[in-house]
Amino acid sequence: MSDQQFRAALEAAYRIGGKDPTDTFLAALAELSPALGRHIVTYIYGDLHQRPQFSTAERELMTLVVLATLGGCEREIALHAGVGLDAGLAADQIVEAFVHVGAYAGTPRAVNAVLAVRRTLAERGLLPVPDPAGPPL
Amino acid sequence: MSDQQFRAALEAAYRIGGKDPTDTFLAALAELSPALGRHIVTYIYGDLHQRPQFSTAERELMTLVVLATLGGCEREIALHAGVGLDAGLAADQIVEAFVHVGAYAGTPRAVNAVLAVRRTLAERGLLPVPDPAGPPL
Amino acid sequence: MSDQQFRAALEAAYRIGGKDPTDTFLAALAELSPALGRHIVTYIYGDLHQRPQFSTAERELMTLVVLATLGGCEREIALHAGVGLDAGLAADQIVEAFVHVGAYAGTPRAVNAVLAVRRTLAERGLLPVPDPAGPPL
Amino acid sequence: MSDQQFRAALEAAYRIGGKDPTDTFLAALAELSPALGRHIVTYIYGDLHQRPQFSTAERELMTLVVLATLGGCEREIALHAGVGLDAGLAADQIVEAFVHVGAYAGTPRAVNAVLAVRRTLAERGLLPVPDPAGPPL
Amino acid sequence: MSDQQFRAALEAAYRIGGKDPTDTFLAALAELSPALGRHIVTYIYGDLHQRPQFSTAERELMTLVVLATLGGCEREIALHAGVGLDAGLAADQIVEAFVHVGAYAGTPRAVNAVLAVRRTLAERGLLPVPDPAGPPL
Amino acid sequence: MSDQQFRAALEAAYRIGGKDPTDTFLAALAELSPALGRHIVTYIYGDLHQRPQFSTAERELMTLVVLATLGGCEREIALHAGVGLDAGLAADQIVEAFVHVGAYAGTPRAVNAVLAVRRTLAERGLLPVPDPAGPPL
């Protein structure tokens, strides 16, 4: 990965994830493993997000679903919820995605993920999340 | 859950998952745990899939992402790939979703999921899956 | 799920999990996903816990075993330890269950689960947990 | 662990797990890692199962719950279902335990575990498993 | 990733993993997701394995440890055991690594991993694996 | 396990893990499950670490890889990073091991593990971790 490719990928990461959150993330890794930060920027934002099968919003939704399923990724969930909102996901799509995860990965994973996005939603004035008109669960 | 509610949910499961795969699934559980089959039909198809935040295709995509992340769910992945195709997902979206999972849950989970849909795609004449014009990985 | 069914399930959740913890749990989800809270009450407490194969204590023991195995569920473990104690589990059964989990899911999962119940046990004056007379490990 | 301690543990493993399944298990490991087989016999059967907090049936139930939650342990589930039945678990307790797991670890883990015990139950003439009189799920 | 970079990475993959197994792996993905195969070759073999902190043998050992911990990766374990042996790992190091995994991820993960390498070891005439002179477990 | 065997194992745990961290760990479990602490000392340090296939440094490296893969073990990662450094692992080997884990278990597990060792490395004056001269990721 040349420096030129990295700079293009970093621009993509800035557009998708925001300049400040991206720089904060890279700074947290800078003293520990700059190579890991660089790989995430170049592969996930420079390559994967540029592929045409999915929009940024769709990719962030899938990322949130993986993170909720894995467990132990509450920090990443809060971060990617913000990225997903910036990309056009609605707050009730994000929490509904976690409810859906609950059916396949268990309710604790769903509850933990839902609670992990509270602050992200609150900071943007998106609480309470609208409850859908569909069948009650 | 009344019998009337169950019948409505079963009709939804037939529409989404197809009558034969649904009946095969319920028959496999019939001697072991009909309650589990009934719960899956009523909750996942009768309730969850009826909620308005996501289309059937979007829910099946999320289901495939959870299953790939969990690991050890190759049979379910093959089944839900068929459901997702029926709901309008393209073959290259399904495999690209697993490539995306690979970044967040590791390449073995991605490879296993991709290989698990081979037969489903082959039976429908959907191989080879078109490789996108985006950046090579 | 009718409102009448939900109220019956909520009464069951109050009896099993206690009114205050149940209300606190539902309040935490109220602004985010009331549907998820409602589902957990109706399915887990209204339906699952009413089935005759296991007592409440046995179900809570199994719940604690799942949570310890999953990892990343320390908050839920602390909560369900209290529910299990109310249902008749002894403190040394709860910690021994986690020791048993350790053999099949690894010692870190066991250690994390054991440490997660410290406050629950301390608040009830149940420390130190009696060490059994069986063979030392 | 002295040879005398190992022999006592092996006798316990024979009593709990049956002589033939235990010998088959140890033979499968004999060319690869006899140390691992020896550790499992001495620790799990010689020590853990001898502790007084739980009966053999209760320990096997917890083992089945861990294995179902972990995923990818279908062979072990089939084996321990037999051990659990020998220890006094009823067939409908075993499948109900997996239904309970489904609420906390997701329905795919429950379905896979239920299907994994079919042959064990069929060989003992225990199919169909009686469906409980409790609330339908 | 330019084609030139890919060809260099493919040469590295051939050297580390062997030409035939690498080509078989890529062929299995060719109709499904050539991009995924290309990413694995370029990132894991072209980049990661070239970094100086670990030898090929050490990286393959870590790979085997991750795969055993994840579960559901028996095919990959068989494959990487062969790569590890080619890189200089001894058969008893591979099985001992899985025994070590068992302490931290549970004995079922260890047993499954040990059994997954039987064929790989048998084909190379490496059975029985020598049992170490250290303390019995 | 006789008291004499336990004392020998405790001496091994002191040598490998340090007296203070070992005593702190055992004290945390003392009121909850001394049996679990005793098992970890006797099995992992008294038996497993004494076997000849791997050095202490190699075993700690494998332990760190398992813990990173499992997720939810940040406290244990910080602890074992210290043990690994004492045994001769270099700081850049520890973070590189987590980067390697990322390829097989996903980047969130890698990032969480890398961040979990920051304090351990900072307290020993080992930040910034040197970035290798190999190919950039």
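In this document, chain identifiers A, B, C, D, E and F correspond to the written order of the chains, with residue numbering beginning at 1 in each.
The rule is short, and it goes like this: contacts are C-beta pairs under 8 Å (C-beta built on N, C-alpha and C of every residue); 3 or more make two chains touch, one makes a residue touch a chain.
Since this is a predicted model, take the numbers as computed values, not measurements.
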Quick one: point me to the chain whose Cα centre is farthest from that of subunit E. C
Of all the other chains, whose mean CA position lies farthest from subunit F? B
Between subunit D and subunit F, what's the gap in Å when you average each chain's C-alpha atoms? 31
Could you please state the distance in Å, as a whole number, between where the Cα atoms of subunit B are centred and where those of subunit D are centred? 30
In whole angstrom, the CA-centroid distance of subunit A from subunit D equals 39
So, in whole Å, the Cα centroid of subunit C is separated from that of subunit D by 22
By residue number and range, which residues of subunit F touch two or more other chains? 1, 35, 39, 43-44, 47, 51, 66-67, 70-72, 96, 99, 102-109, 132, 136-137
Complex contacts: residues of subunit F adjacent to subunit E: 43-44, 46-48, 50-54, 58-59, 61-63, 65-67, 69-70, 90, 92-93, 96-97, 99-101, 103-105, 132-137
In the complex, go through subunit F and note every residue touching subunit A. 71-72, 95-96, 98-99, 102, 106-112, 114-115, 117-118, 121, 127-129, 131-132, 136-137
Can you list the subunit F residues touching subunit C in their complex? 1, 6, 28-36, 38-40, 42, 44, 66-67, 70-73, 75-76
Inside the complex, what are the residues of subunit E that reach subunit C? 102-109
